[in-house]
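Lettered A, B and C in written order, each chain numbered from 1.
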Amino acid sequence: MQDIVNALVLGSIYVLISVGLTLVYGILKILHIAHAGIYTLGAFLGLMFYHLTGNFWLALFLSIILTGIAGIGVYRYFYKRVLEESRIVPLVISIGLFIVMQDLYRLIWSPYRQPFAVSFGIGDIRLKGIVITEHQVIILIVTFVSLLSMYFLMNHTKLGLAMRACAEDMAIAGTLGVDVEKTISVAFFLGSALAALAGILVGVYENNVYPTMGEVPSYKSFVVIVLGGFGSLYGAVLAGFILAFTETILVAWKGFVLPRDAIAFLVMITVLMIKPEGLFRRATR
Amino acid sequence: MSLDYILTLVTFSNIFSILALSLNIITGYAGQVSLGHAAFFGIGAYTSAILAVKFGVGYWWTLLASVLISGVVGLFLGLPSLRVKHDFLVLATIGTNFVVVALFKYIDFFGGPYGIVGIPMARIFGIDLSTTGFAVYTSIWLVISTVLNLYINKVYLRYGFEAVKENEEAAESIGVSVSLFKIYAFTISGALAGLAGNLWAYQMGMVFPDDFSFSISISILTMLVLGGMGTTSGPILGAYTLTFLPEALRFIQDYRMLLYGLIIVLVMMYQPSGLLGKNGILRKAFKR
Amino acid sequence: MKRLGFLLILVVFSAVSFATIKVGLFVPLTGIGADDGLSALHGAQLAVDYINSHGGVLGDKIELLQYDDQTDPKQAVTLAYKMVQKDRVVAVVSGSYSGPTRAAASIYQRLRTPMISAYAVHPDITKAGDFIFRVGTLATVQGRAGAHLAVEKLGAKKIAVLIMDNDFGVSLAKAFKSEAIKLGAKIVYEAKFSVGEKDFRTVLSELKKTEPDVIYATGYYFNASKIVTQAKELGIYQTIIGQEGYDSPLFIELSKNHAANGTVITTDLDRDSEKPVVKWFIKEYEKKYGRPADMVAASTFDAMMILKKAIELAGKADRMAIKKALPLVGGEDFVTGFKKFTSSREAVREVVCQVILNDSFHRLCVISDPSIITPGR
């Protein structure tokens, strides 16, 4: 039982990081490794504003907005001019950006880990030997709320329709009167804002924020979106939870026979061998 | 002045040039992006290390074993590429990299986290290779790898790989066996990376799991793309640039990595086909 | 005339180059190891300040040449040639991790330049040859000390072991387990985890079922803060025993709900020590760098101090002479409990047990039994 709670929380974190990435990938088809740098930026800004204002939710809001704008900046100033090139070019730019970002954070905020101690005053929930800490409660609630709003946004607004149209085929969407440029910017804004949200929640949950905290998410989030079928939002959500549960079950059963990431990759490779386009292939391509 | 300092950098540049050239075969020619190339490199290095340290095998045999085993592993890891495509393949290669490193780390036969220490100096034709000797020796292998790359590029691949790179379905329809080409590419590439692994093991005298981590794969791909994918001189230029750059930037101390990353970003933004690629400035300069 | 000019240049040149004694240092200042690297750098700089403000060595000042190796063995090897042949340092201190340190050690041995490793743990580092020394406590010693702490001081009969999957964790756990079993305890649970692991809840839930008396958990402070936090969440109140990897003020800061309290560790830095050099070090470090000192800084500080002693004993700043003098170094001038080097060039030192109470480190006991603290070979 305790394991189910743990897996749910772990899954929520995977989902939050991956959904933002899926949005960006869905439209531009860029392997946006620097997304993990954006995630770290969100965490640092959140921590900075929390120290400045003392109000967690205000800090969260400010960080999300600023990180979202930074995301648009990454698109406008770095990716936009190479969209016509071979897809490996934006990938290498993304790698370079990730190096620059991590080193910039080290220069600004020092290489040391910093605690991000926030108390929400709910207290831990204990039920028949199962513990859900208040940070876990917050993560579960925030993930649920953001996924619900994403669902609403994608399915019941014009903007969502525009984003889905661009993800299908940018040229056709353009001829149908969709402002492609604006839609891409919005996707980057939303994707980066979600990354910031994830960064802050992970920062609080693990009580530390540091320049290289994006190292693991930089590839782990791709495992999730690959399993989810690359670009499918529903797929990413389901895959995030499936991965978390698989990892937890394997670890509970045998301990860490291999490091967690290697386990995740083994799961991914196995799935790809059986279903080369992920678990949840997009209906149309 | 220290000559050994420069020669050591040359040796490392040579090893990474061979790696970039080997990645060039699958990525530059066959169009299969791999972000797990350090896996082949590691398998080559560990093969030599284990044979030399645990079984006392002589240099030439370790070299042969590294090339063969990495080639065979390349062959087998090439098979999935027939089924898994595009970005799915990129992720599958990253995954392979992680799994291989995890196996090095968790299986005692591979030395576990301690790695394998105590590889003797390479001894060829009765000479122990010193710093100078090794720089020369790796240069010879670099020339051989370059010739191999040229050969693949010019003679053979005009017919097949180019078509595979442009469009797999179209290549298939004009009767090119895409599968066979991909398998060849992965095998040759694996064997070359195995050679680089052997050179690394003897240069360092030891191997550790982390020497072959994902970040090394990233470096190799960056070297290739920065220099110019699909060219022969590009990967070498990329490897030399990115090996010497961190040393050359030492004078700015704390801002070294920042500038290193920025240079990669700017070069790719303004030279998307690489410095020696189709429209690269250096290519144009040479043509003139 | 020509000859005179040449001579003059030679005199001027040697006057400039002999005004200071050049010592090299390689540390990771960028990339994943940048935090430990910065602590090591600060530790070394503080030692140089201390030495130079206390009269220098043989009347000369020490000049520290520091280089970033990015935890990359390639760069560590290249730097070895640069420092020895270009900068002409008389000795080198490694403030880096095992991989780069082990790789560079072979080169320093080949170039016949003494190197002292501050805190890298790979057992083979000193086997590179007779020019290579280590200040850090050998994992075998520390694991053994941990077992004595667990079984004899804390009376544990059933012990659970958590093993970090790098050389540090694996060496410690191996030494701990064999010694604990020898002392009559039983290992009831063990699990491996990777250095980057953040979620120990699943493993801890399994561990809890085996009802151990104490938990011996290897790891760095950032793993440890998560282990203690998550253990408390799950209602595991047994004592957790750690080692020098925990020895950072960040261990306490990063643990939630004061979960670090009650943890016992074996380490090198005795913060309650009355020795003047320790008091000076702890005060000055915090004053200068705005944060309390950790084990890494203390070990690198000592590596520099040992080097200074060796140069004094040698009577000249010469590589060969320093190498010969290093095994003779001893005394009280060190921040950690360093006593001397063994014939295999490993440090003999007292192991300090510290307990965390009220969110700060305090001395619990000192293990100085030679049969425990002498690195056996």
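The working rule: a contact is a pair of C-beta atoms (placed from the backbone, for glycine too) under 8 Å apart; a residue touches a chain by one contact, two chains touch by 3 or more.
This one's a predicted model, so the numbers in the text were calculated from it and none came from an experiment.
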### Query
Which pair, A-C or A-B, has more C-beta contacts?
A-B
### Message
Using C-alpha centres only, name the chain that sits farthest from subunit B.
### Response
C
## Note on the structure
subunit A to subunit C, mean C-alpha position gap in Å, rounds to 37
## Note on the structure
Between subunit A and subunit B, the Cα-mean centres are separated in Å by 31
### Summary
The positions of subunit B in contact with two or more other chains are 105-106, 254, 257
### Message
Touching at least two other chains at once: which residues of subunit C meet that condition?
### Response
29-31, 165, 192
### Task
Identify all positions of subunit A at which a residue touches two or more other chains, and write them in rising order.
103, 259, 261
#### Entry: In the complex with subunit B, residue positions of subunit A that touch it
29, 31, 78, 81-82, 85-86, 88-89, 91-93, 95-100, 103-104, 107, 219, 222-223, 226, 230, 257-259, 261-262, 265-266, 268-269, 272-273, 276-278
### Query
Which part of subunit A faces subunit C closely enough to touch in the complex?
2-3, 6, 10, 103, 106, 110-113, 115, 117, 124, 131, 133, 206-208, 210-212, 215-216, 248, 251-252, 255-256, 259-261
### Message
Which stretch or stretches of subunit C touch subunit B in the complex?
### Response
29-31, 67-68, 70, 73-75, 77-78, 81-82, 84-86, 98-99, 102-103, 106, 122-124, 127, 165-167, 169-170, 192
### Query
Across the complex, what residues on subunit B touch subunit A?
27, 33, 80, 83-85, 87-88, 90-92, 94-96, 98-99, 101-103, 105-106, 214, 218, 221-222, 225-226, 229, 254-255, 257-258, 260-265, 268-269, 272-273
### Message
Please output the residues of subunit B touching subunit C within their complex, sorted ascending.
### Response
1-5, 8-9, 12, 105-106, 112-115, 117-118, 131, 204-206, 208, 210-211, 243, 246-247, 250, 253-254, 256-257
